[in-house]
Structure formats: structure tokens, C-alpha cells
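What follows is a group of structures, each given as C-alpha cells.
In the two assemblies presented below, subunit A is common to both, partnered first by subunit B and then by subunit C.
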Partner chain A sequence: MGRITLINTSRPENDMNRVKFENGRIRFDADRLFYKDLNFLLRDVLKEHKPEIISIHNVYGQRYIGTNLRQNVKIEIYGTPGNDLGAFMDGPTIEVFGNAQDGCGNTMNSGEIVVHGSAGDITGFAARGGEIFVKDDVGYRVGIHMKEYQGKKPTLVIGGTAQDFLGEYMAGGTLIVFGLYMSEEQRHRADFIGTGMHGGTIYIRGKVEEHQLGKELGKVEMKDDDWALMEEYAYKYAEHFGYNHKQILNRDFVKLVPLSLRPYGKLYAY
Partner chain B sequence: MENLSRKQNPYNDGKVIDSCGLFGMMSLKGNTFSGEDAMTAIANMNIRGNGLGGGLAAYGIYPDRPDQYALHIMYENGRGREETEAFLKESFEIVFNEEVPHRDSATGVVNPPLVWRYFVNTLGSIKEEDQDDYVVEKVMFINTKIHDTFVFSSGKNMGVFKGVGFPENIGHYFCLEDYQGYLWTAHARFPTNTQAWWGGAHPFSILDWTVVHNGEISSYGTNKNFLEMYGYFCTMFTDTEVMAYAVDLLIRQHHLPIELMAKVLAAPLWSEIDRMPEDEKEVYTALRQVYAGLLLNGPFTVIIAHQGEMIGLGDRIRLRPLVAGLHKDMLYLSSEEAPMRLVCRDLEYSWIPKGGEPIIGRLETNEVIYQDKPVVVGMDKNANTSSA
Partner chain C sequence: MLTHLLPEFKIIRDDERCIRCEVCVRQCGFDVHSYDAEEDMLYADENKCVGCQRCAVMCPTNALTIKPHDYEYRPNANWSKEHIRDLNKQAETGGVILTGSGNDKPYRIYWDHLVLNASQVTNPSIDPLREPMELRTYLGRKPDKVEFDNNQVKVDMPAQVMIETPIIFSALSYGAISYQAWKALLEAADEGGTLCNTGEGGWPHELRPGKTRVIAQCASGRFGVDLDYLNSASIVEIKIGQGAKPGIGGHLPGEKVSADVSRTRMIPEGTDAISPAPQHDIYSIEDLSMLIYALKEATHYEKPISVKISAVHNAPAIASGMVRAGADIIALDGLRGGTGAAPKIIRDNVGIPIELALAAVDQRLRNEGIRNQASILVAGGFRNSGDITKAIALGADAVYVGTAALVAMGCTLCQKCYTGICNWGICTQDPYLSKRLNPEIAKRRLVNLIRGWSLEIKEMLGGMGINALESLRGNRLHLRAIGLDQWELDVLGVRGAGD
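What follows is the complex of A and B.
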């Protein structure tokens, strides 16, 4: 069992015992640890030991886990991480064994978040890069204001369904909803999809009625490269969650794109 | 005076982002339990509040006096108490009264007032069906006419405990681990527009209705004016109060079912009404017209409770969070998922409700009513194999 020297945590004496080396990996007990202390401690441990994998246990609602980290590390989370998981993250992979709360992947720059469960509202909020995979459903306003610039392009993949305002104000990136737990006749329940959208693409597998769409976007035909992209992400999704990716591709997709890149360009000009 | 900024912002952040926290738990079979789990859960969302208000409501806690109205009253000075007790003696038969037990040693509680409780019957001349109205009228009289005195709980076999402090501190102060109830709600306050004082903490209550609220009611002025026409007067200097009175008016006085009450407060959007079948269209149009003054505008999530029922409701476009969970006979409602899982480690099922759709836990029928099919958030272990 190794010993960790801490650099700048607020209460080093209490926190020392939480971090242990076990079979070449670092195990971190977050039970009742205040979120700030958790994140300070995580940062210190990663900086000093540069582990490939660190697992955090007994997580109950601590916010901002993985925030602003810039290195290649896999962080496994057992429990229910709090809001803004992986906010501003730049590089790490986070795997959550449980559900994620609101704001998962907020303004994430690069890296990957894999949630073996569901995620709450505003998942992928303002993401600028990286990939997020959610096994089950997500809440409201998912993918709100995702954006892209040159080589930076975020992708958010949802296995289940999403609620209202999916892709609201979306400015770039790719949002994919597989609707895996729905029958062929059942329509997705999200209303106001893509309200204010002016960039990026939304792919939805299954049924979506016209009235569920925001005013700024329209359905377009799936082309070969769209299907190739779906196959790529169906495969990745299947790898993460143990699924047959061919089953994902057996149903039609709706492709949604903004009708204008500047929907309100004329609103303030005449 | 304690330096609150030190306590609330120990890391000296430039900006502390908070928002109120709500938690509710109910045994649908009426099994009772202490306030400890509710306190643990709300403490887990400690950072949603800032210590400027906390409180809990508990149902089924006075089984020895189930038929008497339990008035919880806070006095800021002795004169208020003298006047109030004289008024109570005129208006009620006081069966029993005592100071609400508390720990003087409790920390984190700011300037507690004297808090007293009275178990009362209405006078013999009051007909049974008029008793609730009578109590509302007397509570309104005390809260508007007698200085430095506030009745903050007036139901039967239930009670509100609240004040300035974090909710777990308030719960500890009032020894809530010693009470046994089947339904508890809790609130951690982050006051936005109004001052922090003991009466301004949540839950807000009239008779046995209580409300805990996260959000801002921007229609407060309109709602307040509407309620004043029916004899409800807002005295607590904060927006949430209108919600408690609106619910009492709609359900107890106008006999609306809870599902429709929810559709008054969080009315369906006109675009949704346009797509409804004719008969529904007629009902919802009428509701929006008759109760336009009770439509709650602005972001909100509330947990409303009364004897036998707990109701979770969010605004139509879900501008504030609410998560629901089920385990055996327990229904949980919470601002975040983690606290439910902290107090119920093997929670069977949890979901994110749709905005404007109430979740109703009902003791009478031992069931949870959710109009639409709940969206499954996780836990659907067979989903992988059953689809496609």
C-alpha cells in the first residue's frame, strides 16, 4: 500500500487515509467528502502520481468531479456524481457506474464521459469537444448550446430518449438519440426539439412528429455518410454498454439540421 | 452577530452559486420513521442552500392528539405572546400547550425566537364543516393584526419546524429525531429577493397544507391580489406563501382534484391545448380563464403535502430540477438524485418527471400517481434485451 503526499488540500490529515494503492491502481474513498476537498485531492493525486486509472467510491452528489483536468487518465466513479461532472474537462475519460445528475460535461473541451445509467438536465451543456455516452435516458435541454470550431466537434450519444428542448440553441456538434427502449410506434416525447438551433446536427432513431420540432430546424434525408456516422457511434455505444450495434441500425433515423445559420439575423436589422 | 459570509463561503470564492434544495419522503403505507433520514438527505444538498433558512414538515407526529389543531407559533417578544394567548383563549378551547422542545446547545441556529405550540379545538358553536375556515380566519388575524407573532403551522397531527440556519441544524435544534412521522418534507433556503428571517423559511403552511419551493414566482403580485379576494393575506415577505394559500383555495374550498389543481398552477401551454381533443381543450381553456390569476409564472419546483398526500410539481418547461424515486413503500422527491440514494442505498427506481406533470403519493390507496408514463432514468436492467 502506497503513501500519498498531499500538496494543497484544505484538510490533509483527514484526507490521507482516503487514498490507497490497490493492485497498481489508485482507489479513492469520497464518503461524505466535501466537493471542493474531493476535487483538490483528486488534482493533487493525479499531478503527483500520474496514474492511468483512479477509481472514486461512495460518491453522493459531489459536484464538478474532473473539472479542468488536463491529462490522460481514466476516472471511474461509483455512486451518483453531482452536478457539472467533467465541467471544462480537457482529456480524461470518466466512467460513471450509476446515474449522472444535471450539467454533465458542461463546457467540456476534450475527453470522454461514459454513464452506465441516465443523466439529468442540460447534459453536454455548451460542450466544445469530446464525447459523451449515456446508456439510458436524459433530462431537459440536453446538448444546449453545444458548439464546434474547426477540428473541435463534440458528440453526445443517448441510448434512451430525451425530454423537451433537446439541442436548444445548438451551435455545433452532433447529438444522437437512439431511443432503444421504445417501440416502433412510440414517438419520442421531447417537445421543442432544437429551439433556437443554428448549427450542428441532431440524429434521432425512431418517430418524431413535426410539431415536436422547433421553428428553426427541419428534417433532411439520411445520406450514406450519415449512416456511416451512425454505424461508428452505434458500435462505440455497443462496446461501452454491451449491446449488439446492428440492432441499433435496424430502424430509421430522423436527421435534423437548422434551416438557417442566422435564424434571427434580420430581427434587429432593416 | 455571527459573520455569515465566513461560514457560507469558507473558500472565499468570488461567487457562490446556490439554489434552494428540496427533499420529501413518504411511506405510502403510513409506516412512521424519524426525521433523521430527511435531515441527512437535505444536508447532502447543503451547498444548494446558504444557511439563511431551513425547515421541515412532518405528518402523523401527534398521534395522541389527532383531532386538535396544532398551532405552532413564534413570538419575537413577550408582548406578542400575551396578546396572542388572550386572543387564543377567546377563540379556541386550548387543550394543551407547551414550548416546542429544542436544544439550546444546538449550533448553527441564528437568533431563535420563542416557539410555542397549542393544541386547540374550535368553540362548540362552530359547525364541523366551518371549522377549517374558522381556523384560517383566526390564523390570518394573528399574522396580520398581532405584532411580532406568527402562526407558521396550523394543521392536525402534523407540524412545521423552521428557522434561520441550515435545515439539518434547525432539525437538530427542534430535536426532530424524536418525532415519528410517515411523511417528511425538507427545505434548504437560498433567499434570492427577500430577507432571511424565521417566518420566511420554508415550509409555508396553512391548515395541514405545506409547501417547500425552489424558484421564483414572478407572478407573485397577480397571485397575491387574486388570493386577497378570497381572504388570504400574505404576511411572510416572500413569494412561496401564495402557493400554500392557492392550494388551500383550489382544493379545500373549490374542491378541484389535485391533478387539475396542478394544471392551474402549471397550466399547459396554449400550443399544447391546441392539439388536445375537444373535451380536454374545453376544460383546460376554462381553467386558464377562470384561474388566470393563479397561474404561477417563473421557474419553480415545489413539494406540496397535506395529510395523506405528497405532491411534486415543476413548472411547464422545467426550469428547476426535481427527481423522483421509489423503493418498496417509499416515495422520494428531491432536487438531486444523490440524497435519495444516500438514505436509500438500494433505491429500486428513479426518474426525471416531465415539467407540469404532478407526481402524487397517496396514502389512502397506497399508490403513486403519475399521469404520463414515467421516463425511466436507469435501473431498467432488462431494457437491453427486450428492445429492438
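What follows is the complex of A and C.
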């Protein structure tokens, strides 16, 4: 009997035929490529060639694109990336020409995600840095448990509207909902907004009724610096998606903040 | 409002022995003792005493005796003192009663109904002082098959983590316990060749270099979870549940979120650190799989991913789903698992004993032919090396000890962890109290505990004629039961003693 050889097949073989160099940028064909292979290959290409821009084409639901990337690179995605796009991501910019699925920006540390479409549930979940822009709508439980520490502060901008539990347990960061594609009479759909919220700020443009809010947060007046912040992000949104930023600022905003840093302090008998 | 609560403990001070040194006054974080200089007398406010015995231990003349108070209501088999006390506390506050530590109720402790085997005549017992004895354990998914090729064995081996002894320090977060206690656990794990679990409070950056014997937890609050944190550890654990509080989350009160804790958890100082009950990205086995593989991607498939659940009624079916979702390690935390803070009603009434959960899960995975795909870690009130050896025989790969580690450092199970005051310097962020715990001495005590228990496990193995822990794993024929019903024998897969 010979010696035991441990082989590691968890690392897929490189298929460099999928990678093309065009006009100083890298074009990557993900057609029918398993997500694990895609992500290994992507990391290798980025490590070896250190491109400024890489575009990934024919993306059909592959998960975890951008997860475990720490370098400054712009990744353009054509198609529909799968769940957990940019999870744990630390630095890159991802631009999706299509819709994003659930968990976009999950526990993201820094970087930017721009979605030219809608994003699914738990977008920006537990993010602690970076910026996410979604052109249209998002699903349920978006921005849950976003947090901040000193200079690190995430911002999530939603052009359309969101579903229930928006900003639940939010512990920091900024959540902005522009509600651009609704009429003036129409109210936002989300219920239980900011339940358990104990940090950060939610700005919602358009109508939100009192009963849609969680018990732990309240409406406060928009001040000058709030409007300045809205102008900044309206401008960025308009830049990304070709919109007139003045049309965003033409309607009232609701500013929501937690009533206490310790929402459950009185729950217990000591 | 006049409180109807009577003191839980009685403080007896032997005035002849007392030398008025006031050590008791300084040592008590609950301000029980006070000194009246005019009268040269020491007084005690028994209502504040939690029975932690710190003053009694530190008293240089052994002048103090602290014991449960002997007041009695009219005897009543239904209404115990504890019931009346809890009820009054709630009538006075309207709140949820908190507690710390593990379930202290007299549920059956199955370890005390299981006995181990030993060799006599027909096969020799082994003397561990004379022959090598192997406790080394590899945690992680084991391959489904091996291939033979050209006189070589080829194995596609998923990530494995080696521990020298099957005793791992359970999840105790920095924030719940002091920096000193956390550091002691980290360094003891390193020196003892085992692992410690960060808990969900992150991992202080200055304690990362050179330390890899760590299980980094990723829980619902995601405190301090980033790529550096995940990749610094040997194993990443997704925390779904905890034995002391199955199905509910945790609130680290704002007063425990000091500057250092806030830096480690990456949240502002003084805010509550809230861990929601579920992980809000996991509502199904499919969602669990999504996070497992997200963590594998984030760690290049180089680290086993563990999933920890509380032992509950459907644990076997859930565990099967977890393995199929990609978990490389399954951690089960039983009814008697500890906590820094939990609603007492949950701690005392929810979940099942770890012995039954372990046996049922191990059997279920065997029946389904997937037991090799995950290691099983068990937690929940392990008190000595006998309990651990029996757990290995029931099918565990290794055991998590939390309460035992705390006791080794000085904890006396007063159950007041949730107050933020700990006279032993363990479960507090108050620098005056936490500096009492010397991390070097605490580490030494922990390393001693691991060494002592490991030696005892070797003795028990040798007695059974076994020289490797691997040969005992899941070997239930080495167990017999005493005083159990048939259904319990069936669940445990163990025969009665004498059978």
C-alpha cells in the first residue's frame, strides 16, 4: 500500500477561455458556469491582472458574486446575479444591469452596489459600511440590523418603495426611500417599519401613516442638514440612473429616528 | 412600593473573628457590607446578597458564613419559595424575570443514569501511563469515499481542524464576559491544543495575531463579523440557537457596551446590542444553506462551517436538514446550557436534555447514511470528564464546556450574570471588578482543567481496553443504563445494566 494522498478538488480548474481582454478591460463570460467556479475564477483574474473594470456577462442567478473581494475594482454584471451579491464585500464597486436577488450587500463592509432594477429581500442586511443604490423597488426586511461605528456608516438608497419590516432592528446607518414611482396620494406599502430600531436614520419621501411605523421610532422634523443629505443622495441617484435630481426633492420627506438607544431596557425585572 | 421579597441569603458574621479589615466591604459589588466607624461595627444588607461567596472566600479570618436564608412560609408542595418570590418580583415590576447561568431545575440528568464499561480478563485494559493514548480529534466533514489509484489512496478531504482533546470552550462573548476572562479562554485554548468560541461579540483585534484556535461565531446581530474576523478563525459557526434560551434572541444592555466592547462589536457605545431571535436572512433550510455557502465563499472553502442549534423536540430532523444544507459541524446545546442573560421562564422550561438530543441526532444521521458528513459538538452542563466520555460513547465528536470553564476561573453560579455585576470579575465590564481576574492565573486554571480531564478520559479509555477516542465514538455498547424507562433506553440506544 502506498501513502495516502490528499487531493483537494474543492478548487475548480481554471477555464481562462472565458476571459477576454477587450479595449483595456476584461470581459468574463459566465454562461452556465457554476457559482463556485465563477467566483474562484473571478478572484484569480482580479488577483493576476488587477483590472480597473471587469464585466461579467450571461449571469443567470450565480450566487455570492463579489463575496470575499477586498480590492478596488469595478465589476459590471449583465444579467441577473443570484443571492448574496457582494456579501461580506470590502471595497469593490458592483454595477448590475438587471435585477438583484435576495441578500444583496449582506453584512457588507465597504464598497458600492448599484442595481439598475429591483432587489429582493434583506437587501443591505447587517451592512456596516458602503453604499447601495437600487433604482426600483426592494423586497421584505430590507436594511435590517444595519449598523455603524465611528466613521463607518452604510447608506442604502431605494428609488421605488419597500415591503414590510424595512429597517427593522436598525442600529446605525442611513436608509433612504425615494418612492419615485408612486402617485402623490399613494402611501408606501411597508408595515412594521423600523421595529426594534435603536440607531441610524430612515428617510422616506411620500406618504407614510403612523400605523405603519414600529413602536420604537418616531417622526421628527427635517432640518437643513437632512435636506442637504437628501440632495447629495438624490444627485448620486440621478447620476447613476439618469434621473432629474430636482424631481426627487420636490416632495416632503418623513424622517424617522429611534426614540431610545435602549428600546427594551424596561422589559425586564432585575 | 414596599417589597414583599425576603432575602435569599443569610449572612452570619462571627464577631470574635472579624478584624474590621473591611475586605468584605470592598469586595462586594452589590454593596451588601458596610462599616460604621463610630460604632466600629460591620453591617450587612442581606436583601442585596446574591450568595456568590466572594466575601467569604476573601475574608482573612473566615469570619463570614453565607447560606440560603432559612425563612419559611407555610409548607406547600405546589408553591415553593421560588415561585412566591418570582411572582412577587413580577407583581412589583411588571417585567420579564431575567436570570443567568444554566437551568437549575431537577430535570433528569441522564449522565447520572449511565455507566461505562471496563475490560476484565477477556481483553486487557490499557495503562495510559505505559502506552500511547489518542484523544486527538478532527472536526469537519469526512469524505464519502476513498479511491485507489496506482497503489495510492486518493481522498478528497474537506477542511479539517485538529484538536488534541475533545474539550472545547463554548461560546462566551466579549461583552457578556470581561476582557480578562475572554483573553484567558483564548490563551488557554491555544496552550491546551483545543479551541475557544468567540461567542457573538466579535474578536478584539489585538488578540488576533498568532491565535487561530478559535471558532468565530456569526449570529443574528452580526457583531464584529467581517472578512478579517472570519478568516482569522479555524472554524466559523452560525449560531441559530442557544440551550439556555431556545427560540429567542439576546439584548446586551447598553451599560455593558463600553468603549472597548463597542469597538469590538462595531456599534456605538452605550446602545443596546440586540441579537434578534432569528437570523433574518434564514427562514428555511434553503436560506441556511445560502449563509453556509456565503461563509464558505468568504473563507475560500478552507474552514469547516458549524451550525449551532438548541436541542429541541425536532432536533434530529433539523440536524438532517443542516447537514444537507452543507454544515460541516453540527453543534447541539442542551437544556442545561448556560447564558449571560435569559428570561428565567425560557431557561427553565424550553428545550430537551442534551443526552437525548445527542443520541437521537447521531442515530438519525446514521440511519440516513450522512453521519460522516458532519462532526457533532454537544454542549449543555457538562460537569466532569465522565459526562464527556459518556457523550463521546453516545456519538459526540467533541464537547463544548462553558459553565465548567467559568467555574474553573472562579464563577460560583450565583446566576446574576445579567446584572453586569460580577464579584469574581468574569461577567462584568466594570473595570474595578474585572481587574480582579488575572488572565494569567485564569488561563492556568483552565489549562489545568483540560489537562486533568484529558488524563481522566485516557484512564477511562484504557480501562475499556481502547487506545483511541475514535474507537469509543458512537460505541454505545460501552454504556449501560440504570434506573431508566424503556422509552429512554430506546432513545439513548443503550441497554440496561446487567443486560
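Rule of thumb we're sticking to: the second predicted complex is superposed on the first by the 254 of 270 C-alpha atoms of A that agree within 3 Å, B and C clash if a C-alpha of one lies under 4 Å from a C-alpha of the other, contacts with A are read in each partner's own complex, and residues count from 1 in each chain.
Everything that follows uses one rule, which is that a residue touches a chain if its C-beta (ideal position, glycine included) is under 8 Å from a C-beta of that chain, and two chains touch if they have at least 3 such contacts.
The structure displayed is predicted, hence computed values, not measured ones.
Residue contacts after overlaying the shared chain place A:Arg251 against subunit B, while subunit C stays out of touching range.
Contact with neither subunit B nor subunit C is seen for A:Lys20 once the two complexes are overlaid on the shared chain. By the document's definition of touching, of the two partners only subunit B reaches A:Ser118; subunit C does not. Of the two partners subunit B and subunit C, more residues of subunit A are touched by C.
After overlaying the two complexes on the shared chain, residue contacts for A:Gly265 are found with subunit C alone; subunit B is out of touch. Contacts of A:Asn83 after superposition on the shared chain: both subunit B and subunit C are touched.
Contacts of A:Gly196 after superposition: subunit C is touched, whereas subunit B is not reached. In the superposition on chain A, contact of A:Arg128 is made with subunit C only, not with subunit B. When the two complexes are overlaid on their common chain A, residue A:Asp137 makes contact with subunit B while staying clear of subunit C. With both structures placed on the common chain, the touch criterion links A:Thr107 to subunit C but leaves subunit B unconnected.
In the superposition on chain A, subunit A positions 10, 36, 63, 83, 102, 165 are in contact with subunit B in one complex as well as with subunit C in the other. Those residues of subunit B lying in contact with subunit A across their complex are 11, 44-45, 47, 271, 275, 317-318, 321, 323, 336-339, 341-342, 350, 352, 354-355, 372, 375-380, 383-384, 386-388.
Looking at the complex, you find that subunit C touches subunit A at residues 89-90, 92-98, 150-158, 220-222, 225-227, 230, 251, 253-254, 262-263, 266-268, 270-272, 274, 276, 280-281, 290, 293-294, 297-301, 343, 418-419. Taken in their complex, subunit A has these residues touching subunit C: 1-11, 36, 39, 63-64, 67-68, 70, 83-84, 87-88, 90, 102-103, 106-107, 109, 122, 125-126, 128, 141, 144-145, 147-149, 152, 165, 168-169, 171-172, 196, 198-199, 261-270. Interface of subunit A with subunit B (complex): residues 10, 35-36, 59-61, 63, 79-83, 98-99, 101-102, 117-118, 120-121, 135-137, 139-140, 160-161, 163-165, 180-182, 189, 211, 241-243, 247-248, 250-251.
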